[in-house]
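The following pair of complexes shares a single chain, chain A, combined with chain B in the former and chain C in the latter.
Moving on, here comes the complex of A and B:
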């Protein structure tokens, strides 16, 4: 019997119904982001950090000392794995199936996130390019600032529904809309 | 959120992100007498005032930190990574 494996997004049941056009405050859920976990070996922390920054198509996200998430929305997982394998002194694991990436942007994004995380998101304290793990409601997520009014949230797949519902609830007063993005 | 801890890796964070794991005391060597191990495992001074504790940054960098604080006023005097503070005391 032929077995067909279909990819089904964790938020498939949450984002349903009629497609609405995106409001200024918009949450866009990446369909198939490539997310690798990167751990530096002892003594290699700095070199691996620099190599990650220099790697093409890869956005490194800080998790803790000697630990990053390597994110790519443009390259495929083989390409990213190839780039990462060139970094010496690092252990790399594909986490794409276990993580969900959501990008939130718009003029009110900081007011929305202020109701979710206990971290100062003023540009002076959390500048574009900055990223860190933090508590979002009751879920530990990785939050990154990708622009002045743009953030990306990476959550464990099984918590994505709860994080998504929380975000939409907090964004309701700012007319936050949501949709999938990318193939 | 009143209680803020400045993690050396993640920055200032609310205490909800951490899990407090008790006093920082020197671990006896494996050949030490039962009495010393009993004291290490069960007996605590519970002083009022300045105190050193292990805090695990469970929702952030997941590192163990040594928080030097006053348990009466919750004034925080310093936060260091447990590994760094152990290497410093050697």
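Moving on, here comes the complex of A and C:
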């Protein structure tokens, strides 16, 4: 019996059929991002942090002392795993299916996020490249600033539907639209 | 005609007239009006009935402290009671109705309460309606509630949206009067991130009400200039219609923004209100000062208002409160109102000045009665005369409005919400802001500045000091000259003796001077007791106007300083905040986040009924055609698992990846049983204890490679176990090389159980899963046909041959579908957590029904899982305490009814056979119970005193809640396959 297994995105039922053309404020949900947890062992925190920053195709997201998410929207899982295996002093585990990555951008993005998270997202306090774990409503997420008006939210898969619905509700005032991106 | 709109003047937009109704009658006002100013402009001074005596009332203020002019605005589901007409912005189509009156506002039968007032003094309901006690709830309270009251809530669901949001700033400025605007501007120019909030729709505060010239401009024009400049700064956030209602820990302020309370039909895309949590590095309270009413006989008659209110209606709204206005004052404010009215052509009949002499200038031709007092007012629904008294002589003076000026109280509410009490000042005759540390200060008249010029300077200098502290270059503000100021000084006058009618201290709660005296005589002397006995300072206005007078009068009665009486406790909220705003979007399906398993879709299409388990939605059972009750489905699922096979979603179990050379040692210390020598490729059941020796959680941990383990926890304790591991690693054994991360969401995990599990599984797995290759408690990574990698564990929670298969979550539904397909010919079924529970009770496996925080491993029959030879593990030391090893502890046993058609349920108590059905003879309880389809009768697990010695004993299962007693036999807690042969097939 040969198995052909379809991969299902956690937000399949939330987004499909509701897609319209993107407004200035838009939420783009990555279909198959590659996301690994990276844990630095004692004494290796700084070295692992630097190595992650230097690794090709990978954007590190800070989660806490000695813990990151390694995110890639360009490279495949095997490639990322390969790069990460070269970092000594770190343990890594694939979380690509356990996380949902949403990129939100637009002129009102800070006003929308101000309804969701309690962290100060002023560029002086949270510059492009910054990321942190924080509460989004009641759900712990990782939020990263990827540009002046662009952020990435990584949520646990089981909460993704709730986070997505809340985000769209908060974005109503600013005509936030949503769609999948990537194959 | 008494009150009227002046032909010109005021800050209303006369080009934009607005139509509204009050009690069904249509009126016209202007854009920029409040409901109160528009009603006064239409000579409708009567706006409400008082709480207890149903006395006619009109507005006494022009702002948020208003106690009287409360009305219900809007209709149907949008009707909102107790809105202060003095702050409600007028809009086209607004409908308002008065409250607490029947049949009409002008003729209210409830006013008979005024005649009964000798019997309705403070605390009357404690005394009068005490006997018989049973009548209180049934008769008296509903009666009192109907007679006394505020507006009524609509019982319809709120159709509007509310939101909550966060804001962050270097400096928060509360209030936009002269001090607030100047503070904000000063910090903004210095480069700080400034947030300025004001409860009004228009910034400017007292600059909009006062008739002065600032830097050659009218005060309101000067304010508009400052506002325009503020708005040009990208680092300034301006929040009109926003009340900062609370000050909380860590410089977090609560504020409510009325986004759409001033529009007839709110947009569904916007909230009507938004609650802001404002995080500020520094804050300036520029909330101004409240003018106090004077306490004299008949001081509540419509048309009597504060001098500041009369001035505001005149200057800001272009409305004269009357055409013959009298003034009763103890300071300069009354003279200023008289002057402003007179200058606009409104007749001022007399100024009654409580002071014997004063230097305040009266307008030309206006009579001043120095050393006088008002002792009574006349008029039915509106003042038409007052009785002035001087040196024993009384005189009736005709008037249709009375402006009273009783001195000023700085509005220090916010600074007193976190424990600090305001401080009495003899010099200011007021309670002043306490010192709450250097991050939050009062400026302007909130900080007792006594002129507009002083307010401007104070705001600028306090903001400059903060800017420098925060590292910004201080900006030297340019303070213009202010012309035409008056002296706001006043002489204390707490109440006027010789009142001919009730002299009200608290208008909203109908508390008058004699109520305060009664409270003192009856021993309710502490100001907090006085408040509660008399209700002075309660309800929606929380005594904003009356509290200071209450304290002053009580102090005078007792012959002490107000400093000795002190204030009651200040608490959020400064003004009422709707429940909708506090809930924000957390209502209906947004009330709590929903957690769904990757197999949610699979369960749904297989007919699952879901149960909320914490935030999770778990599949509970899978009904098939013809099954009438949930039990029909569960019984079938259980039988099918025992006879064929079943597939159950166990994705909700907590999963933790554990890495490191110290991982084995770490696990050996967090589990009570041995873990050091767990081989690679094997899973082991583990018990985790708390420090006190009680079981904390259980689950299996598998060694996937030398230094990589995966731990499973129960669904409920996933977060707690993760925190427990972090805590143990960071504080107990930081030297152990171990790191962990949750992977709970990464895996769709399903349990395939039943004698045919292997045959079915082999159809989709490439690897050899024979008993030899994959023995009981095997754990390894396998490849599914087609290439997908999966984790396979041979563990059983049903006693059957069983596997748990974990695949990346996105493939969960497809793999579950494939297994169902592969097992169709062997009769596979989906089973839910109800069947899972029956299967485990039949085998005597424990869950948190048994691991309920009071049970040790030994209590549960897992004594041999205490590896006491290990040097240490969490819970080891305290497990040896006397009492934890006692023989008469509650121990896990099985229970079955003697007559097999009898049933019992979890929670029932266990008694000795023949013992009386009381808790006195309590011997334990049923922790889990179910109908066993395998055995055909009810079975249970229970915790019974010395249970293990009592196997075979007949006891009574007593369910006091349901009133049943069932004879049961104590047995071993394993009902099916006690030799455990099936799971080893």
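Following the convention adopted for this analysis, the second predicted complex is superposed on the first by the 181 of 183 C-alpha atoms of A that agree within 3 Å, B and C clash if a C-alpha of one lies under 4 Å from a C-alpha of the other, contacts with A are read in each partner's own complex, and residues count from 1 in each chain.
Convention: a residue touches a chain if its C-beta (ideal position, glycine included) is under 8 Å from a C-beta of that chain, and two chains touch if they have at least 3 such contacts.
If you're wondering where the values come from, they're calculated on a predicted model, not measured in any experiment.
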(message) Which partner chains sit in contact with A:125 here, chain B, chain C, both or neither? Use first/second/both/neither.
(response) both
(message) Tell me which touches more residues of chain A here: chain C or chain B.
(response) C
(message) Just to be sure I read the superposition right, which of the two partners does A:172 touch: chain B = first, chain C = second, or both, or neither?
(response) second
(message) Just to be sure I read the superposition right, which of the two partners does A:137 touch: chain B = first, chain C = second, or both, or neither?
(response) second
(message) Quick check on the output: what are the common chain A residues between the chain B footprint and the chain C footprint?
(response) 67, 118-120, 125
(request) Name, in rising order, each residue of chain A that touches chain C in their complex. (result) 1-10, 13, 37, 39-42, 66-67, 91, 93-99, 114-115, 117-120, 122, 124-125, 137-139, 156-159, 161-163, 165-166, 169-170, 172-173, 175
(request) Provide the residue numbers of chain C that touch chain A in the complex, in ascending order. (result) 163-168, 193, 269-271, 277, 279, 585, 589-590, 592-598, 601, 616, 657, 659-660, 707-708, 734-735, 737, 739-741, 743-747, 763-764, 784-786, 788, 808-815, 818, 822
(message) For a test of understanding, state which residues of chain B touch chain A in their complex under the given definition.
(response) 1, 9-14, 16-17, 58-63, 81
(request) Could you pull out which chain A residues touch chain B in their complex? (result) 63-65, 67, 118-120, 125, 132-135, 140
